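When the chains are written out, they are named A, B, C and D in that same order, and each has its own residue count from 1.
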Amino acid sequence: MTEYTEIEMMICVAARELENGATVGVGTGAPCAASMLAQKTSAPDLVIIFEAGGICPELPEMPISVGDSRTFYKAAMAGSMGDTMEACSRGLVDYTFLGGAQIDMYGNLNSTIIGTDHQKPKVRLPGSGGANDFASFCWRMMVITPQDKRRFVEKLDFRTTPGWLEGGNSRDESGLPLGSGPYKIITNMAVMDFEPETKRMRVISINQGYSLTDVQENCGFELLTASNMVETLPPQENELHILREEVDPYRYVIGR
Amino acid sequence: MTEYTEIEMMICVAARELENGATVGVGTGAPCAASMLAQKTSAPDLVIIFEAGGICPELPEMPISVGDSRTFYKAAMAGSMGDTMEACSRGLVDYTFLGGAQIDMYGNLNSTIIGTDHQKPKVRLPGSGGANDFASFCWRMMVITPQDKRRFVEKLDFRTTPGWLEGGNSRDESGLPLGSGPYKIITNMAVMDFEPETKRMRVISINQGYSLTDVQENCGFELLTASNMVETLPPQENELHILREEVDPYRYVIGR
Amino acid sequence: MDIIDQGQGTLFADPDPDKAREFFRAKNRKMENKVMNLKDAITKYVHDGDYLAIGGFGANRTPVAACHEIVRQGRKNMGFAGHTATHDMEILSAGEIYNRLDVAYVVGLEARGLSPCSRSYLESGKVKVTEWTNYSLTARLKAAAMGVPYVPIRNIMGTDTLKYSAAKTTKCPYTGKKVVLMPALYPDVSIIHVHEADVFGNSKFRGIAVSDLDLANATRRLIITTERLIRHDEITINPSLTRIPYILVDAVCEVPFGAYPGTMPYEYFSDEDHLREWMAVEKDHEKFKEFLSRNIFDCKDHDEYIARNGGPKKMRELRAKELLLHKEV
Amino acid sequence: MDIIDQGQGTLFADPDPDKAREFFRAKNRKMENKVMNLKDAITKYVHDGDYLAIGGFGANRTPVAACHEIVRQGRKNMGFAGHTATHDMEILSAGEIYNRLDVAYVVGLEARGLSPCSRSYLESGKVKVTEWTNYSLTARLKAAAMGVPYVPIRNIMGTDTLKYSAAKTTKCPYTGKKVVLMPALYPDVSIIHVHEADVFGNSKFRGIAVSDLDLANATRRLIITTERLIRHDEITINPSLTRIPYILVDAVCEVPFGAYPGTMPYEYFSDEDHLREWMAVEKDHEKFKEFLSRNIFDCKDHDEYIARNGGPKKMRELRAKELLLHKEV
């Protein structure tokens, strides 16, 4: 059997969600690796877009910043943040990958503070950056994150970025663009989607080596389960080869 | 005595109103000629701005269109209509020259229709173009126009472009940017400004060869008169020389 | 939201950003070869009843060849954005292709005078008209580009231009100041003429942008006509120069002298004689019909139109004029 | 206008366009030589208490030299736009120059990790914070650039980001849809780093614009730092390439490697070792003090900072890295 790490696993699983010819707004790290891997495997026409203005680059190596010069290397256009965000707002961007210190059962994310006093937080985190923008505008938001109880929480300390808000129809009623919202949550243990009515997080596949119990025990809220829950297809030989040799040869992301 | 035509007269008088270091948003024809003349006489640092995006060009000859390539020849920037209009909206543009088929006592202009049925007008005119924009945003709007009763009317058929609206404080109350408004009206017979309280048109100087009676008889509404009304300084030798030899040698404007 | 004042004009295009999003969601994102001839592009992407917008500025970097082709194909009942529409408007009026018109600047050709044809068409009562200004239409395109239903600006208040527009005046909740809301304008189809494009539609042009960057974003479908096709690597070597990215583009048509008889900056100046001929001949119905046959209906394509109006020699003259070579003595 | 929802955050800059207009009315429009050294420019145009914005994107085309000079001169009580503020924020936090902060992205250096200094300063309670997002701040600058008090966008609704912002949610009168109004942000002073500028301030840069075009328009005062001064005729020969026109600019400072240790596209890549050193040394108060003395307070200017951190040899290495010369084998 092929050996792989959990981060490799998550990147490979994430890459498969991106269909050919789609657009994806990405950040640095695992999202970028997943998008690059998708381009080199099942989605050669995947279009990568960076929030600072890089549109459809040929990434020569892993960017350090979503605005560094790699993000518009041999690009179709080196535009502006307005160009990117307006394209997202108009509905031209299909996917985005986000992360955060905390996530709740509706896929809402916190990347602002830990603690309750906003003006004097216990831990100050970076804030939204472009996360709220991407999550508001892109059709399908995905999250790549390790599964643990401190991340998967009942109640966020701060709702930085919209998921399905309070579930049900609350997102559509909020004023955010219709039809957009969280899509898949990819962890080291499982893949989750959201139950269509309640918009609650739901396990749809479980990674090799883990059980549903593991997943639930590493989650601070009750997870729903899909009726046809399956085992997540593990990383394939060719995916790992391309990820290791072509996407991230210096192990910037997979070496973490 | 130096001979000159009425259009030459108006251009020379208009040019003198532009102080050095000011910005002016201009159209084609007399406004452009006046601005070019000002640059070559009293206002070498006058900055000319065109609505389609040309910023601070060195005009090699009279433009035919406010978007033709002369309007950004050796310019500081070939920008966009947004760039120009946003600069006007932010208050960076001091003067503009406009015209129209009709003008009323508050300096409002009509360049949309003659007649009363908007959907089936007696005469369809071009519409606002950038006139309403310039008149709304630039600090001081001026008009160069022949003086006659069909132009200077009691009531416009259509108020395309704002002057002082209904006079008094009505412009400030309208929502248009504060402190902007019509400044001088330059005709073949006289120069008018606006009385500060009522904002009604007021004769401040009369051109050689005309009397106040001539001016009033060629105006469809009652004109106020300034207490210190003077004779307009006629075109000077050097102004005419530069206008004829350098600004408009092919007589595109002064030959009309 | 309290409406202080509002225009009575008709809104010819739906400002709803969610409906636009549904369209854009389905739009092809692949970097594919989109080169086709202009005839096919107009057939495929410009339909009767569509709302049309034209790039450039009247007779400057205007897709004249595309306007001819629309008239040649006999489109009808279109909406049209009269955003400093001069010679383009003149052509489209000759074909009576539109019956709904957003006016900023129409019927005139700036310093050249007025088009009798455009004018009489608008005076005929056959065209439903809503009034705006140049910047208002730019702002409406900006709102669409931003994917929002409107943007507030500060013009037209206190005028009949507002009264006959479809704008609404409200109060800003931050400052208490009045602002006038410009509803988003998402054209169904637009055509922009550029200097250079690759086969995918990545486009470069020189000179003023007018409102074409927002227009390219705002429009549902976009046809690029280009003086020249270039290799894709001429785009990627300096992506800072890309003005319109391929993802917005549906068709790329190589049309040399595609803006003639208008000006193409750095390439050729307008043919003032021919533009004067247009305006003059419009005064006589029979002569105008004949003129249109010769210049549009009987021309297979723009190459033939150019050939009938002076061909390569004329183009060289207009190039010399554009480059101001007469000043280099 | 009915307010459906609104943030409780403080608005640190007045969105009133008429007040901004009064300022811009008095601004010099003459094309004059504005070249001065960076020290004088900061002294003259950056004041205690001003609201400051920094161009570029964190550690990309960021005016690092100007940030050092602001800290060196000991500015205090400033407002600051944390619009993907990474290494710029780290420097300004080291000097504790601001006490009011609009947050979009702060304390992090993206994939590099977090700045302990920025973080502890924000956790100290000494800084008043209002939350936004990257696009929200872009939109706020766009509103100011347009000379309007706000623009509507469609993000942040339903989140605490709205709750701790100073935004307001209202209903669009055209569509009935909720939109969130972003109040105009007119910074008192901003600094943008470019590749080339003439002595008047006409500026060109390559690569992504981030939000700098709107920022240049929105800000009351603007300092340009440039890798190189160029002759004015290099601007006028191709004015399509001008990104920032002179009329917006108050001072032009020639600062080679002015974005170091960040990236300047097509010129030099970021010095990742030095950026790591910054973050590492911040953990030890004494070491950090020493580090700041060596790199900021004891440096006469940016030339000296460059000399102390590898000088020409290092700059050549970073240039090779930026140009990906290691891939050319």
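Here, a contact is a pair of C-beta atoms (placed from the backbone, for glycine too) under 8 Å apart; a residue touches a chain by one contact, two chains touch by 3 or more.
As the structure is a computational prediction, the values presented were derived from the model and not from experiment.
Trainee: Take the average of all CA coordinates in subunit B, do the same for subunit C, and state the distance between these two points in whole angstrom.
Mentor: 28
Trainee: What is the distance, in whole Å, between the centres of subunit A and subunit C, each centre taken as the mean of its C-alpha atoms?
Mentor: 40
Trainee: Taking each residue of subunit D in turn, which ones touch at least two of the other chains?
Mentor: Residues 17-18, 146-148, 153-154, 177, 179, 206-208, 240 of subunit D touch two or more partner chains.
Trainee: For subunit A, give me the residues that contact two or more of the other chains.
Mentor: 72, 78-79, 89, 137, 177
Trainee: Quick one: do these chains touch in a line, a ring, a star, all-to-all (complete), or other?
Mentor: If you draw each chain as a dot and join those that touch, the picture is no line, ring, star or complete graph.
Trainee: Dump the list of chain pairs that touch, please.
Mentor: A-C, A-D, B-C, B-D, C-D
Trainee: Note which residues of subunit B are touching subunit C in the complex, please.
Mentor: Touch residues, subunit B against subunit C: 27-29, 51-54, 60-61, 63-69, 71-73, 78-82, 85, 89, 108, 112, 118-133, 136-137, 156, 158-162, 165, 170-171, 174-177, 252.
Trainee: Using the touch definition from the top, list the residues of subunit C that touch subunit A in their complex.
Mentor: 17-18, 20-25, 27-31, 144-148, 200, 202, 217, 235-237, 239-240, 242, 245-247
Trainee: So in the complex, the part of subunit D that touches subunit A is made up of which residues?
Mentor: Contact set of subunit D toward subunit A: 56-60, 82, 84, 86, 103-108, 110-112, 114, 119, 122-125, 128-129, 131-136, 138, 142, 153-161, 164, 169, 177-180, 206-214, 263, 265-266, 269-270, 272, 322, 324, 327.
Trainee: Per the contact definition, I'd like the list of subunit D residues that touch subunit C in the complex.
Mentor: Residues of subunit D touching subunit C: 1-3, 11, 15-18, 139, 146-154, 168, 170-175, 177, 179, 181, 183, 206-208, 238, 240.
Trainee: Where on subunit B does subunit D make contact in their complex?
Mentor: Touching subunit D from subunit B are residues 21-23, 45, 47, 55-58, 72, 74-79, 83, 86-92, 94, 137, 139, 177-179.
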